[in-house]
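Below you will find the structure I want to go over with you.
Chain nomenclature is as follows: A, B, C and D, assigned in order of appearance, with residue numbering initiated at 1 for each chain independently.
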């Protein structure tokens, strides 16, 4: 790998019960995905406050992905339904403000879907890398 | 499915507004049909044949004209499939093929006859503009 | 400021193969709060855990970061280690550098770089960790079972046998439910009463069980382990403890023309009545809408003939308040109304009946003493038509019927058809079906026997129309396989009506804050893994209130629910998960947003006084989280606009710190 | 212009105060300039008769003031609400922000309020008098004592030109006639933005939001922003910041603010009215309203008390986040 090649910074919020376990399964099966992806564990995708996502962008993240249990499978029965509404509206708003819509994503990954987790992360990292640096959103103060 | 059949199927589905894949093959439509004995293809077969794109035989079948449009099948279908509307749509296909008796709204004024009942105008309009 | 120790695990070569563990422990040394950092081959081993314990003592650590495998693997292990070293177990955070780093990346450089960032995020989080202690709440060792059908009976018996007191609330004068009305049961054909009534007697005689019959639940408060329930015992105008159930009052009651609910109105009962011979409790009940004495004060015969002196015309509804640790819902089902199905002439002919009515007609204790006679003229029917799926499997948009399969109809119809052919071989029996569904032990064999041994005629095709004509019912249907129209002159038509949850279930669900689906069936906490629990802690589901079920399934679920209740009641205290929501009252707006998104009903509101800077006192509505009920999902934290609601263990500030550490 | 006169309102206020129905009146009082009208609490009939103002500049939505002004009141507070204000009133009641019993609502019809910046654009600065005259405003400035007449159509504020409802959804008493909900074109502007390219939109918002001076006026006036402690004032919230330091901070501030009121915003337009930099903030709120209507069915916050806001509700068949753009592009 070239040292100077641009690599995006990606924050992934994963719910503890499905998607975080899915990420673990991807690890168990040694399925590669870029190291650009850094996972933050939350109990449920509904714990993800839009403020966290904006904060990540502000601090220089190039892409933010939220992963939760499939609809109907939420450990807490209905958390991901709220996530779905919140993120649908937030993503639409970010797009409305002229921020590339490909920088945000919401995916349902179950604990059994290690392969889907890896594939999703590969695809998302590639998409975000193709967009280049997150110039429209970053907060210059926080850059090195 | 043959391409022409596929096309005709989607045309009939569009015109009738019926979704034949909702059918669970209970046969209540045929069970309730007063014209059953007159028909070569019975209401449930109509639904099944449209769903599988087997429309040719329907076009040439007398059954099309045996349907009384009593809508008993529409009323009683537990799945809301509305077989009579399918029969009507297939019938229209045949009528269309036979001649260009398709109307647009603009054609109506010159055909109007003061003695024609309003209801007839409206129902003809509904039928021939589809 | 925290004093944090960082422990980087090699996991043999699992981590060390792709991550330079020494570099990671070295890099994390300079993170804020870190006073000690090391690495070791197997942190989870006894030796590894000892390193952690020693470091805690030696360096007075207040927080621990372990860079190792997934927290789903060893978080519990390291929390125990911390506790053993005298640290609060919730001061431990794990950086997952195996499953989410070394195993998925091939390159040492990127692997190490990522491991350091994940470690920094964990350190940033621990810096904001606070010691957490799980809340405790006492458990009232008593269970409430709502509904006294076979589901409620089985649940109550199992709980009571385990040594816990149980109360059954039944809205009817007797327990027994629908099963008491049945004749035989599939697929073994044992008589329902023969297997049910001994259980009813067991319930009545069990020292741990109280039956509140002719009673309803009025109000439910509290939470898991500590429910406060108000039960209304409706006045039955008979003193339950004195009545011997001799039936003298019933015999002498002059009001003889009251439709008998137990026989579904196919015969009559008196104004004072005992639903059936084996009723439990076997106590008479006076129907206030029919009794002359209660309506106009003129009669009083029953009081005169009652030698025990049990009749009490002045009896009032009684309100009972009791505490429970667990509540089991067993409210059961009813067949749907046939009013909307005009095509089947149910309201036009008495000889078109539902399957439940058919059960009573063939039951030896039923209106015809078990002789199969048709209701209109009490003649023996020679041609019987059974219609399946009446009102089941209907389109969601249709105005009549239900979308789901009622599950039990295929089997009981096979049973009915078989029994008719067995008792009356001269009878012609037709079953019109759409599909025959027989998934169950010995179910398909049973159905095949009906066809092969008993000669029941199964015809694929839904009946289209039934027209009463003279003393016959003209049945018109299409035989789809033979492709021909059938016209059958039937003497009796039996409709397999769809089943729906009892009407009392919906208001009960509201009282329990338990969720329901669009069909008013109770929803499970998890459709596969927690099928007998409601999402509301302490509320359990038994029988058809959760979905259509036959008797064996109902009994299995009833026992499963009982096992869950016993598992709860056996505890002296409930220890909660300490990672729960907690509101900052000073910031709370009282807006109810959090309450609305909470899947568990854990949030309530109180009006609380707050001293103001000007020495006055202001009263504000503020949220309260019940620690015994909250499961810690965090939905409320995002619904809360002011940020008053936070989640312990996953506080907003902690997550933001992680975000910042990753994005630095 | 306004159908209802100052005299009608004043006599209603005085009689309710004098017969003891209410103990104080929330109304409008003259400010520094003729077009500068400020919300104020009146305690005496004399004060009302002398100083109560009702004209084309009484745009302020009083609902929010009820949260603080009813806290320590003995008896009831009389409040005059225009139709759009009543939606905020209901929304605040839904959120239990004040006690319905402490308020006496008199609904008053509204013919639309004037945007002073639009007036100034025609008349120039230095306005000394702006009075209703026929179908317009008669404006005198210090530079020109001959009054200039400007038709209302030119100076009505954007929110009034796109008025969504003349119907009062809450009141104890109504002055004048009940109006109707209006089929307004208020989403046209949002649609225009949606049809731009991503770059154009970014440029548009960058142009608008970079003018933000973080004065917090939009938040302070917003009837949906009644938090005991606002996240922007809370050092622990992760969103606190008193002054913008770069371009994204405005976006972050305004996205968070719009998100916090999403599903609760009644589209009263106060944010845009008070913005000293004339940023069209309502276009952010309307975007959420439009999306909510399109994704989850029509919803008007505050139409009734006790409604479940779309963001604290869900449907099993809700739109997936990834289908959001497809939905919009197909519209």
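Quick note on the criterion: contacts are C-beta pairs under 8 Å (C-beta built on N, C-alpha and C of every residue); 3 or more make two chains touch, one makes a residue touch a chain.
Nothing here was measured: the structure is a model prediction, and the numbers come from that model.
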Selected interface, A-C versus C-D, where C-beta contact pairs are more numerous: A-C
Greatest separation from subunit A - chain, by CA centre: B
Distance from subunit C to subunit B - Cα centre to Cα centre, in angstrom: 47
Approximate Å spacing (C-alpha centroids) for the pair subunit A, subunit C: 35
Subunit B-subunit D separation of Cα centroids, rounded to whole Å: 55
Touching two or more other chains - residue numbers and ranges from subunit A: 50-52, 55, 72, 78, 82, 86
Residues of subunit D whose C-beta touches two or more other chains: 231, 237-238, 311-313
For subunit B, residues that touch 2 or more chains besides their own: none
Chain pairs in mutual contact under the definition given at the outset: A-C, A-D, B-C, C-D
Contact set on subunit C toward subunit B in their complex: 343, 389, 393-395, 397-398, 401, 434, 460-465, 476-478, 480, 483, 485
Residues of subunit B defined as touching subunit C within the complex: 22, 24-33, 36-37, 42, 44-45, 72, 76-80
Subunit A to subunit D touching residues, read off their complex: 50-52, 54-55, 57-58, 71-72, 78, 81-82, 84-101, 105-106, 136-141
Subunit A contact footprint on subunit D (complex, rising order): 190, 193-194, 198-206, 231, 237-239, 245-246, 248-249, 251-252, 255-256, 258-259, 262, 284, 287-288, 291-292, 295-296, 310-316, 318-322, 324-325, 328
Footprint of subunit A on subunit C - complex, ascending: 70-73, 96, 98-101, 103-107, 109-111, 113-114, 117-118, 121, 515, 523, 525-527, 535, 579, 597, 599, 631-635, 637-639, 647, 650, 652, 655-656, 658-660, 662-664
